[in-house]
Every structure is written in structure tokens, then in C-alpha cells.
Amino acid sequence: MKLNPLLRKIFLVDLVKGLKVTFHYQPPSEAITEQYPLERPVIFERFRGQPRLNVNPDTGESLCIVCNLCALACPEQLIVVKGERNPATKRKEVVSWTYDLSRCMFCGLCEEACSTDALELTQDYEMALYTREGMVLDQAALERGQEPEKYAK
Amino acid sequence: MNPVATPFFFYFLAFMAIVSAIAVITRRNPVHAALSLIVTLLSLAGFYLMLYAPFVAAVQIVLYAGGIMVLFLFVIMLVNLEQNIREYQFNKQWIVATIASLALGGLLLFVYRTGRGSFPSAFYQSYRGLEGDNTQQIGIWLYGNYMLPFEIASLLLLVAIVGAVVMAKKRI
Amino acid sequence: MIEYIKGYLSSGTTPGEAGNMFWATVYILLVITGVSVAVLCMNWLERKILAHMQIRLGPMRVGPHGLLQPFADALKLLIKEDIIPHDADKFVFWSAPVVVTMTAFTTFLVVPFGRTHAVTDMNIGVLFMLGVSSLGVLGIIMAGWSSNSHYPLMGSLRSSAQMVSYEIAMGLAIVSAVLMTSLQTGTGTLSMIGIVESQAAQHTWFIFKFFPLGFIAFAVFAIAMVAETNRAPFDLPEAESELVAGFHTEYSGFRWSLFFLAEYSAMLAVSSIAVTLWLGGWMRPFPNWLGGTAWDMAFSFLPALTFFVLAAGCFLGTIRMPKIPQFRVQTIGLGTFAALLGFVGLVLLVPGVRVRIQDIYWFVVKVAFFMYLYIWYRGTFPRYRFDQLMKVGWKVLLPTGLGVLIATAIWGLMPQLSAAILGVLQ
Amino acid sequence: MDSSLVYEILLRMRHDELFDYCVDITAVHYPKREAQFDIVYILYSFHHNERVRIKTQIKDGEHLRTAVTIWETANWLEREVFDMFGIVFDGHPDLKRILMPDGWKGHPLRKDYPILQQDQEWVKINLGIESGQ
Amino acid sequence: MTDSTRTDYLDLDTKDETFLDATELVLNMGPQHPSTHGVLRVILKLDGEKVLGTECVIGYLHRGVEKIAENRTYAMFNPYVDRMDYVAAVSNGLGYCEAVEKLLSVEAPPRAQYLRVILTELCRIASHQVWLGTHALDIGAITPLFYCFRDREEVLKIFEKYCGARLTTHAFRIGGCIYEAYEGFEQDCKKFCDAFLPKLDEYEELLTTNRIWVERTKGVGILNPEDCIALGVTGPVLRASGVKWDLRKAQPYESYKDFDFEIPTGLHGDTYDRYLVRIEEMRQAVRIIRQAVDGLPQGPIMAKVPKVIKPPVGEVYHSIEAPKGELGYFIVSDASTQPYRIRVRPPSFVNLQALDKMVRGLLVADVVAVIGTLDIVLGEVDR
Amino acid sequence: MTEITTMHYLVVAAALFIIGTIGVLTRRNVVIILMSIELILNAVNLNLVAFSRLWGLHGQVFAIFVITDAAAEAAVGLGIIIAFFRNKETVNVDEVDLLKW
């Protein structure tokens, strides 16, 4: 099939080729739009999302040993951990734990630094809130996982 | 096929034409003047329709309003000068010129008044039937009796095209 | 009253010809409503078709499959704040969208949707359309100039140069079609209805006449009309990647929506010129090949069939809607819409309506084809640059149009010419 | 390397050694040293496929001759050095701030750049409150 | 701020005489213009629609990355480099990690090197996809954008599966990779390669031969090789001018010397050639990915790097071939845990300098096309 | 209202003609002078078409010739204006009195 370039030009072959491409993508089955609140996106296992403090599932105790490694690793210095040594058990226990989610860039360095798998970036991605203050999470919020605020008028 | 409410339309169009014509020569901003001129031209097109000259009316709209005036606006925008608008708009002899022109107008009115009888008050019936194939008739006239002027006009247009390009272009 | 309507409907003239003011007003209102509705439909269709070409879904939230999106947009535009820039020339800024919209709607006065379905039949119909639509450029210039801003000014300068240049090619193509009305039969006409009727009398659409001359003239017109309406790939006056939004950059709200309305109705208007001049206007396809009353009968069922197919599509969509509470309203809405379409289809089956609606149906179908082309072009092509656009207009379309015109004239006069040459030779 | 010789050497590098591509011009600030700034020219030669770093030390307030005449690319790179460190290049065609706004005070990449004071000052002027930082 | 009515900085000695040059116009394009790819502001001096001169005003996205680096440890700075060229975050991370590795004199193990190559080449494809989509959009073709983003989505999915983020990946660590390839990584990469090539042909069908595209791009924004080198322009822009120079071949880093690939070059250095070069680069990237996936060695993925990185006193310059050109890191260490100074040599910043030279004498519409063809990312220009 | 006769049209045309004359004679802006000339030509056209109602189509044919002429005149005139503006940065007739620049 060898067409003369002049003929190609007159019969607009180049344009028709483009038209063909756009035409054959028309069936809606080709569409890749995800209708977000109805269709949930697939989140993969390693996704770095909402931070969570894990607890021992049997006892309900926090796994955090207040080693402060996460706070040191964080480039934005948004983790503040304060602990006190419990004289009874000889273990450090959490006094206050804050995580300022509004400044977090989800680099995952804190998760890597954690020696007990207490801090974890989970697959939750719905973190929108109406206030900045709500973005500063304390231990309780980190342990139960934060719920996005429902939109209400 | 009688045009409806002819006197009303006539006076309306005459009013529009004259008011916007006055606006043409008095507006400070050339764009406003050009837009007023377009209104005048459109009312004239209306006149032509009332005079059973639909082809001339169409040519008036296509050529004048759509073509020439666009050219005017184009040029006005190209040479749009702020300071030009702020300057004095009339030249030194404007009083003399106005008086002379008005005198000419008075003269014309006088002529019309005295010679009123020579213009029939009603249109001849014989041309009434022509409006249906007005375009065709004009075509026949143009390419028949007026063949030579037509060719001269086309030559004139050609000269005008070349001339305009030569003048507007800096280097050819 | 009913008798009056019936009596009018059975007459064979347009209201303008009959000098019937009442019916003329009714027709004008009908045409304006119809065009506005068509613009709304175009709004939705363009988004949907473009979205599907771009593997998206387009509007999906406002109403089932976004069917109510145009209404939502119209509402939004109407209640939006209307901004006039501080340094704008207020009066011109105000009147520009009015001029554009008025000229765009005025052209529909002479569009023949059927033998009697036109507001009036002017004996200079084509010239009228060309002239009035060329007035639209004035509105664009006014808009660009009065905004007192650089981007609109450049947009309007581009637009005026573009529209003036392409009008010439368009005019030449039209003239060659008009020439075809007079050839062979000898009754030339500029009237829109007359042109369609001469196509009927010559048993051919002008696109096929003097093949390929008719087709080339049509192609010239089809390209020029895209440029004339400032659509992709000739949408330089409003090229969003260069001039932000071109001449209507400073417009917002209702005024902006007038520009939108005008653009789409201008598209409809030039498409109807093309349909009238080359595609046989309101005539159904294949009148020669599939002639006869039986075929006429068969074709007359097509309008109803179209609506049934649309209704079936909607019904399918209703069934396939997700069965969750959030979608209940949408499902009901789509079902109602399907029922409505089906009902319209049923109405179109009534014999009296069926015969009458045919003309309009075929005209609308042909115009819709052009509308689809517009969207398709927009989805596919990059944009021309200004000098290239001028080059295409002046160096390709204009000589082609001129050549076609001359060739048509020679071809049409072939018998006389050959007789004359033979006479000279003898 | 002595700062007065830099221009000559760069010219040599460009024309004799064919280091025709100026990769980068940057500076390092050592506030404790007497000659506070290291100016680093990173050059590359397409012919030798080699990189060379030319370093010079200058004092604060000292000027340097521009390299724009040797490599056009030095234009913005020198502007950035000027913007960030306040080192003036003589003969530069258009030496003004490039990344920071025109009216900016100070040169951010100097080690003694008072970022907090600046911030507080800005907040005070523009918002009329004491900065919380 | 620069006064937009000032024109004295523009070189107006070489005034071209044109048709209808009645007025000269200073047009302020951006920073909020649809096609300046973010917040670039270009002041154009126009004669009608013809460009007499330009000046770029940048810095609207300046975040002081180099200053931040001086207050972070080496490991902590790693996520920040992703945010410079955010459409090619993986390449940025690669350059940074390699520069620090060079400073520490360690080398990533072979498996990590292969993983890095695969991800960087995927990232190159993703970056070029964004370029193609936006460039086509600038020229007026609105559809390729969506096709490109559809295919880029596949790349981003691989990134998300591999390292848990799609855009600002933070995929590599100093000394290697921290994430082992997930199960099915090889298959995913191969599947992507197989699916991607036909899609690439489709883009070409839409654009390469399209007469409007050709007219809009051919002969527009020509840069000859001498100018390119003088202006320090690198990457596809340099290669389109005919200089066959690619750091992957010239000074191979990682394991690029193991792979067999070509460096596409152009002839004229115009926008069309740059388009063709980038398209061909995507094909070559696919080729590299296929080889790397096939030859992926087993072994550790992390070299022995101390937990607290404290490089010896010294300085290092290391550069890689990012999708946009030579991306260099100049790091000065004073033996503390924090870098004394990090200088980033961003390709976009240097390439953007060529804009003025490229657009003089062209039309406004071409400025848009040229900005698109330079493939700048303002995050990287301003840092 | 009375019936409209040719006289009415003639009066309107005369008015337009006078307005055009005043415009040509008094304004300083060349563009507006050109537009006033267009006004004059249009007044003539109106006369021609009005008379063509009485004495056949000659008037209309002439009107078409006049429109052609006006187009040519506008093109050349505007070309001169552009050429002039480029050299003197003004469109005032008072400053066009020199035959060279």
C-alpha cells in the first residue's frame, strides 16, 4: 500500500488517522474515570497514609516504648513523644504523643525508625478535616484511627 | 405583498440614521464613531428593503457593515492612540465649514421644496412586480448593459488591493 | 381555532410569504426556543462525547449521567456576579454580547426546516444569512476592544481578520452551489427553500452534482465554516493556551453565557447553510435509489424509531444504575426520561404528525451530523497558528473555491459551449 | 586559587582546554573564615568527557568578574549566586534577584541569614501581630 | 516585583520590520496563565503578535530547598528532593542518594542498582508522558493529555505498589533501596512495557504525521548545537539539536553500562525534533526496563551504611540524566550529620534560560509551544 | 402619517449628505474623515435607490458600483493611514500637510 504523498495530503490521510484514534476510544467501556465516593480506589499494601499507633491486640497496651526514634527521624519534627519511667514495671510509658498531620509529608521515615512496629502508616487516605487543630493527633486518636469529618451543611 | 406600517418604519429608520450619523461626526472615540456608522449603514439597509431593493440591502450589509466597517475597526484598533482622544477634535475652520455645509443643506431643501412637483408622490406601479426577481434583474443589468463599467470597477478593485498592500506594507 | 391551525398547516407557504404576522411570531418563538434547547443539548453532548473520546465519563453527578448539567450551568451563570472591568467601555461592553446573540439568532429566520417550516422565504436568503452572520464579528470586535485588556484585544483582532478572510472562501463555495441551481434547469435562486427545491427537481444533492466539483465546494465550505465559527482547530480567537479565553476573557456570568449561546447557535446556523446548500435540506436520503411510496412509508417511521432507540438506551441505563439508595433519585429520573422519550416516539407514530415531522427530522439529523463533526474535530486536532490559518484561508481555500466556481460554470455551460465551438469550427 | 586569576583561567579552560559546557556556578559560605565565600565553577568538556571544579575564595564585598562572556549559561547561575549569597559579578548584563522577590532583604543561603527575625518582621509589618514562631 | 511596563531590559536593537507594526505591546504572560506550566511569568514584548523579546520572572514557587538541606540530616533531606521535580521524583531521589553514596564511598549492591534503573526508567516514561500531554494541550490538542495520563497511571501504580506513594515516592535510601521488589513486580513491569508500546504508536498516529502538529512544531524554537552548549542546555533539548550526549552513556552511573540502548538525536533542533526525541526516549526506556527486569540479580538491596550518616569532610559533585536533563548535586560535608551545603543543579532552571533565544521573532502562539517543549517544572526551576 | 414618497427619502439623504460634509470639513481625525466620506457615499446611494423606484433598476446598479467604489476607497485610505501612522505616530489631518516625512 503505497500512496503518493501528494494524494495523502489532498485526502487528509494524516487528519483522518487521528480522527480514527479518537473515534475508536468512544465506547464508555474505555473510560478510566473512577467515580470516587462510589468506587473505592485500590490501595496497595505499602501505601503510606494515615499514621496509627499499634497496640498489643491481646492486652490493649501501647507498643510504643518511648524511644523517641521517630521524633528524631522526622524531617519536619512534627512528632513529639513524652514519656516517663514507670517505677513499678521499669518501663517507659507514654505521657503524651502528638503527631501533627497537617505538616506530614508521608515520607515514611518514622515508620522505618520505629523499632517495635508501633507507629505505622496505614492504608487509610481519607484525612480531610475542617480545622487545622483537628490535624494534630494525640495518642488516643492515633490508636483508634481518625475518622474523616462528614460533610454537613 | 405590502410592507407593514411603512411610515412608522420610515421615520424610525430615518431617526436612527440621522442620529447615529451625527454621532459619527461628534464622537471623540473613533470606535464609537465607527459603531455609530454601522447603525447608520444598517438603517440604510432597512431603507433599501423598504424600497424593494433587497439585493442592494444585502450587499450593503455584507460589504459595508460586515466588510468595510470591520476593516475600519481593525485599523482604528491598530492606530489606537490614547492621546488622540484627549486632543481637540475639530480643526480651526469648523465654524465656517459648518455654516457653509448647512447653507448647502438649505439650498438643497429649497430646491426640493420648489421642485416638489417633479417627484411623483406615489411610486409607479410598473416596477412593483420586480421585487421577486430583483437579484436576477440586477444581474442581467450588470452583465448586460453595464458590462464595461463592471469590468472597470473590478479593475479599480484590483488596483485598490495592490495599492493598499503596497502602502500598508513597509517592505515588499 | 383548531380549524384555523389546521387550515394554516395545510397551506403550502411559510408565514413570511403569507404575510401572516401571528404565525410568523409563533414560528420565531418556536425557532428561538428550538435553538436554545439545541444549544443546551449541544452543551451536554459536547461534554459527553468529548469526554468519551478522551476516555473519561464527563458529567455524571447532576441528574442521571449528568443530564441536568446544562441546566445547572445555566442557573449558575445566571446568578453569578456580573463583572464589568473598571476601565471597560461600559456601553460597548454591555452591547457586544447582545449584538453577537442577536445576529446569531436572526440568521435562523430563513433556515428552512421543511418546505413550510421556515419563518420566511426570502429571495435573497443565502445572502441574508451570510450578511447577518458576518455582523457577528462586529460583536466580537466590540467585546475585545471594550474589555480594555491585552488578551481580549488580540483575540478580537485575530477573530476579525480570520472571519473576514474565511468569509470570502465561504462565499465562493456558496456561489458555486447557487450556480448549480441555475444550471441545467435555468432557474437560479438565492432563496433557501428554492435551493432545496431545485435539488429536488434535479434529483440530486448538490454535494454529488458534477462530481467531484460539488464535493470540493462542500469541503471548502465545511472547512471555512469551522473557521467562521471559531471552533477547533481554528479556535484562535479564544485559544485558551495562548490568549486565556480570547475576546471573552473579561466576561462573566450572564454575558459570558450569551457568548456561549451565540457561538453554538452560529455553529447551528452555518451547519444549516451547509445542509441546505449541499445535503438536500429537509429531503430524506436515497430518494432515487430507494424511491417509491413503500420506501417513503418506511423512512417516515425513522423519527419514531430514533426516539425509541434513545428511550431503549435510557432504559438500559436505568437498569444498569447501581442499586444503592444514593442513586434512587437518579434512577427514577432516568426512567422518567426514558418514558418521556418513548412517549415522544409514540406521538411521532401518529400518521398526521409522522408525515409532517419528517422534514424537520431529516434536517435536524443532518445538522446533528455536523455538530458531531465539530466535537470530533475539537477532540482530535491541535490548533493552527495565526499565520498558518491565514495561509490555509488565502492560499488553499480561496484558490480552490475560485477554481471550483469556474469549473462549475464551465461544466454547467458545456452543451452551449460545445455547440458554440462546433459552430465556430464549422 | 586567587580570585583575580579566575577569569583568565576560565577563559583558558574554555578555549584552550575545550571545557565548553559550564555545568554550574555556585558558592559556599564559611562565615568564620576571613575569605568568607568559596565560589565553585563546575565545568565539563564534551571532548574529554571530563568534569572539572574550579574553586576560588573571596571576601565578603569583593567582586568577581562575570563569566557570561565565556558561557551564556552563567547568566542565570550568577544571578542566583548573587541572589542567594550577595556576591556581585562585575560586567553581568542584568544582575538582579532571580528567585527572591525584588525587594527582598538579605541573602538567604548565607549561614548567618536571620530567617526567624525576617519572618517575624514580615508578620509584624503585613499582619500587624507578633509572630508565634 | 518587576514593573511590567518597563521595557529597557529587552534588547531592542535588532528590531525586525514587519507588516503593520503600528503598536508595540508589553504583554504579561502568567504567572496565572493556562499554559505556563505552573507559576512562570513571562513578560513579552510584542510587535503585533511577533515576539521581540522576553523576560522570565521566576521564583514564585521558591521554597528554599537548599537552605532546608542545611538543617536536616542526610537521610532526612531525602524526601525533600522528591518535591523539586515532582513529576520525576524517582530520578531526583536517585541523584541525591548516589551523590551521598559517592561522598561515603559506598556503592549500592547490584540488585538495588537494577531496581533503581527500572524505577528510574519508569519514572522517565511517566515524566515524558506528562510532558507530551501538556505540550499537546498547549498546542491545542486536548485529547493526548488524557491518553498520556492513563498510561502514566500504570507507572504510578507500580510505584505505589513498590514504595507506597505515587508521586513523591521517596523510593531509594542512601546505600540502596529499602523496599524489596514486591511479588509480581517483574510481571507488572513487563505487562506495562507490552501494553505501553502500542499506546505510544497511537499518540504518534494522533500527532506525528498530523499536518497541523507538524506545522506548529517544525522550525519553531530552533536551537543549534553551539547555542545549546553555550546555554548549558541538557537532556532531550540538547539531543534534539544533534549532540549525542547522555550521561547514561557518557559517564555511566548505576548499572547503565550493562544495558544496550540507543541515544536518539535530532537533526534540526526544533520543537518537532524534540518531540520525536522524547518519544524515542520512551521506547528506549522500555527497552532498558525489559533488559533490567530480565537480568534482575538476587542479593541484598542495601549496602552497609551506618545508621547515622556522617560522611567525611569533603565535597562531591554527582549528576545523573534526569528526564529533563543533567540533574547535579554538589554536596559539601563538614563531617557532621548535616550537609554543610547542598547545591542542586536543576536541568529545568538552566534550560529555561534558552527560552528567550528560542522565541525571538516567533509569534505568541509559539511561545506557548516552546515553553511546552522545554519541559520545565517550576518546582525544580524555583526549588 | 402620510404616505412615504420619494421626497422623504431625498430629505433623509440630503441630511446624511450634509452631516457627512460637515464631518469631512471639521474633524481632525483622518479615520473619522474617511467614515464621513462613507456617509456621503451612502447618502448618494440612498438617492440612487430611491430614484430607482421611479425609473427602473439603473439606480440600484449604480448603487452597487458606488459600494464597490467605497470599498476600494476604504482599502486605499486605510492603507495610507497605516503608512502615515507608522511614520508620524498620529492620525491628525493638520499634521499631514507636508508632502514628505
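A, B, C, D, E and F label the chains in the order they appear, each numbered from 1.
Throughout what follows, a contact is a pair of C-beta atoms (placed from the backbone, for glycine too) under 8 Å apart; a residue touches a chain by one contact, two chains touch by 3 or more.
Being a predicted model, the structure only gives us computed values, none of them experimental.
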| item | value |
| --- | --- |
| Set of chains whose contacts include both subunit E and subunit A | C |
| A-C against B-C, pair bridged by the larger set of C-beta contacts | B-C |
| Far-end chain from subunit F, centres as C-alpha averages | A |
| Distance-maximising chain from subunit C - centres being C-alpha averages | D |
| Euclidean distance of C-alpha centroids - subunit D vs subunit F, Å | 67 |
| Gap in Å, rounded to a whole number, between the CA centres of subunit F and subunit B | 7 |
| Interchain centroid distance [CA atoms averaged], subunit A/subunit D, Å | 39 |
| Interchain centroid distance [CA atoms averaged], subunit C/subunit E, Å | 45 |
| Interface hub residues of subunit F, defined as touching at least two other chains | 82, 85-86 |
| Junction residues of subunit E, two or more chains touched | 20-22, 143, 147, 150, 206-207, 210, 212 |
| Sequence positions of subunit C contacting 2 or more other chains | 53-56, 379-381 |
| Complex contacts: residues of subunit B adjacent to subunit C | 1-2, 4, 29, 31-32, 35, 38, 54-55, 57-59, 61-62, 65-67, 69-71, 73-74, 77-78, 131-136 |
| Complex interface listing, subunit E residues touching subunit C | 25, 27-28, 33-35, 49, 136-143, 145-147, 150, 206-207, 210, 212-213, 215-216, 363-368 |
| Subunit A - residues contacting subunit C, complex | 15, 18-19, 21-23, 25-28, 30-33, 35, 38 |
| Touching residues on subunit E, where the partner in the complex is subunit D | 1-2, 9, 58-59, 62, 64, 66-67, 70, 227, 229-233, 243, 245, 250-251, 317, 319, 326, 328, 330, 332, 340-341, 343, 345, 349-350, 352-353, 382-383 |
| For the subunit C and subunit A complex, residues of the former touching the latter | 49, 51-57, 60, 322, 324, 326, 376-377, 379-381 |
